[in-house]
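Per-chain residue numbering starts at 1, and chain names A, B, C and D are given in the order in which the chains are listed.
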Amino acid sequence: MTIDEAPAVGGSPSRTEQETRRLLTELLGVFYTKGWVSGTGGGICGPADGGGLLLAPTGVHKERIRTDEFFTVDPADGHVVRRPDNPDLRPSECNSIFCLAVREREAGSVVHSHALSAVLAGDLAGAADHVAIRDLEMLKGIRGLTNRDVHLVPVIRNTPREAELVEQLTAVLADPRFAGAFAVVVADHGAYIWGADVWEAKRHTEVYHFLFEAAVARRDRGEERSR
Amino acid sequence: MTIDEAPAVGGSPSRTEQETRRLLTELLGVFYTKGWVSGTGGGICGPADGGGLLLAPTGVHKERIRTDEFFTVDPADGHVVRRPDNPDLRPSECNSIFCLAVREREAGSVVHSHALSAVLAGDLAGAADHVAIRDLEMLKGIRGLTNRDVHLVPVIRNTPREAELVEQLTAVLADPRFAGAFAVVVADHGAYIWGADVWEAKRHTEVYHFLFEAAVARRDRGEERSR
Amino acid sequence: MTIDEAPAVGGSPSRTEQETRRLLTELLGVFYTKGWVSGTGGGICGPADGGGLLLAPTGVHKERIRTDEFFTVDPADGHVVRRPDNPDLRPSECNSIFCLAVREREAGSVVHSHALSAVLAGDLAGAADHVAIRDLEMLKGIRGLTNRDVHLVPVIRNTPREAELVEQLTAVLADPRFAGAFAVVVADHGAYIWGADVWEAKRHTEVYHFLFEAAVARRDRGEERSR
Amino acid sequence: MTIDEAPAVGGSPSRTEQETRRLLTELLGVFYTKGWVSGTGGGICGPADGGGLLLAPTGVHKERIRTDEFFTVDPADGHVVRRPDNPDLRPSECNSIFCLAVREREAGSVVHSHALSAVLAGDLAGAADHVAIRDLEMLKGIRGLTNRDVHLVPVIRNTPREAELVEQLTAVLADPRFAGAFAVVVADHGAYIWGADVWEAKRHTEVYHFLFEAAVARRDRGEERSR
């Protein structure tokens, strides 16, 4: 990643769709290095010109997607309005989930993580429908939170196909306990994490992975958080 | 790794042998970074023109292999049909194992991993001849599986030389319990992981390493997978 | 990171402010890779020409800061004497903490880490106000210490805003038990680590993270350090 | 690291001293990424023209050493026969240890690791003077070993200065139990690992770190190695 070419200000929208395409492919490379996408699992979407959503194809090695390989879908219903030239590509199965987050939470960008830390954080929920995360400064990295908040991250059950997660996710997004959440953990699977634009989605993605790792590490040690 | 030059579509065969050679050397570099090959251990093979198999040399630092340093072997019997110019190079000890996977499972590419996670996953088997992996979305990354499957990964005993693993591996590949497996763990050693072509072998390699890490992490915590 | 262009001698001040700016941005990239800054959290400062302090902006992805995006502040009182052209940037919340370390410890450079290992090391303190680290050669990497020393690293409570940490930090810096410390852990948060110049701050940052990881690993295993 | 430019054949000596200098600096960069050298700790030496030993300077950030910053010392007694132009540089404290390994074991290259895994492996020794490593294929990566061997790695006590380790190391190198070892762990400190040339030292370095990590991971889980 070249430091001097990338815009530094979080929260600023990319200025052109081509910039967004470059940023999405670059972030998939970063996330691959961190182990958050692998084995063709995981993905990302971001804003296209004209209100559409740039969507990675399914079944491909995500860290190798080219800027001309995104689909553009209409977030109102997920139908494809523009497709890449390569006829072998099909749109990501995340489509319906991504569109739901865009519609219900005004997300401009959504990351789908296959990180082990997300799976292990989901295990912490046990029979509950959420994990409670507290006592961490990094909570301030989530829009609207302070480091004094107890943050409830919803955990939903995994289903055979990602599209079938929509029903559970719809319920979770309507649940007032989770109004402040920008992530949903899917047990045994990973997480969906979003933000108002690609930069906020990146920040939230990094913050939630830190929170997952911290929650798992503290549980492993069976220690109380003191102080 | 340059994102824009690499083909993105999993499952597409490389178009030329030279592309395959470049991809194999690149993947060895990626696997070295992830700790899956190191200390000259581990390796990879892929399809040569004319039905042969490109095979890395033995005893070399795998992340530094050059595209002109592969042997070409006949997978029918493993004999060398073309060798690199460098007279010091000898073909990898994986030869007979790789050829077996090619013949018995129609593998186009096989990865030999020396990852610690594969060794620790092998430890989980105890006296059994397999590890059962379940309750993970990443199972869908293995051809033919759903995330509801209980996937049995065979675990065989280590032997003084890799060629001597052939007898055990032959039995495992004929065992109907393991018909859906694209990997064999060798206890105290690592794993062999394959696919129809290099891209599928890469995807399976990433997926199985995730499964190994998840199985080990869940065992460590002694938790039941709920939900 | 290009090996041949970077000055190698630890302790030598950078020769120009522009070199310092380049080094600070490069180090943020290295620290991001290691997980010590992420999610826009963490930061760094270093010496500007004329006695000022180069300070990264707040709320930005730290590994992507450009060399022209630093603020220059007066360490006597933290007020901004020069600001970057980009009007959206605001100075880092670390400002008052960084200036305190500069004034009270003659620090030329301060790193703010959001590493999980720092948080977990803080957990080790329990109700105490410090963590004691001993029996490690890496202690010699901290100016003034031998590997026979028992090094007390102060641990302070986290507060809603970083500026409010100043009161606790002032007390810690005046405490003779911590006279040899070049780091303060903030529980549930991370650490501030400093040095006489950027190179010493880098060395101390790497050493303290090693010490945090070692202390946590040894505590997890519940082993006594023998020998 | 560029794959196509690096010589691939382990065991082949570099052809020129300048190549050796480049390789030593490159390996320090790789080891820094892996966490084996950090905080100016750790180091490496390799063969100079005319039978001398290229030695990194002390107190510098090892991953940033330039090819013109090595000292050349006479391994017979460690005295400096050629020094870099930079007058601020002093030869590494590893000098006497490195020379000892060169003289007593005909090492052509020695790596000094500050890896946490080496420290934790040293902890496993308890009151004993060695760690026994067995049941790992990676043992074959050490010259002369099979995967059926029980490999004894000597563990010596740490001392205030590295030069003072010489007495213990001299005893260890004369001990027939450790005749097959290419590494010595220094408790609370790290390890010295060597080979006949830089490539073998690299291979041994990677193999021993794998063995350290495996031994620690298996001890943590308290499992017996079965099969």
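Note that in this section contacts are C-beta pairs under 8 Å (C-beta built on N, C-alpha and C of every residue); 3 or more make two chains touch, one makes a residue touch a chain.
Small disclaimer: the values here were computed from a predicted structure and weren't measured.
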| item | value |
| --- | --- |
| Farthest chain relative to chain C (centres taken as mean CA coordinates) | B |
| Classification of the chain A:chain C interface as same or different, half of numbers criterion | different |
| Chain B-chain C separation of Cα centroids, rounded to whole Å | 42 |
| Whole-Å gap separating chain A and chain B, where each centre is the average of the chain's CA atoms | 30 |
| Multi-chain contact residues (two or more partners), chain C | 220 |
| Pairwise touch network: line, ring, star, complete, or other | ring |
| All chain pairs that touch each other | A-B, A-C, B-D, C-D |
| Of chain A, residues touching chain B in the complex | 25-26, 28-29, 38-41, 57, 59-61, 63-67, 69, 86, 88-89, 114, 116, 119-120, 122-123, 125-127, 155, 157-158, 160, 186-190, 219-220 |
| Contact footprint of chain B on chain D as seen in their complex | 1, 3-4, 6-12, 135-138, 140-141, 146-148, 199, 202-204, 206-207, 210, 213-214, 217-218, 220-221, 223, 225-227 |
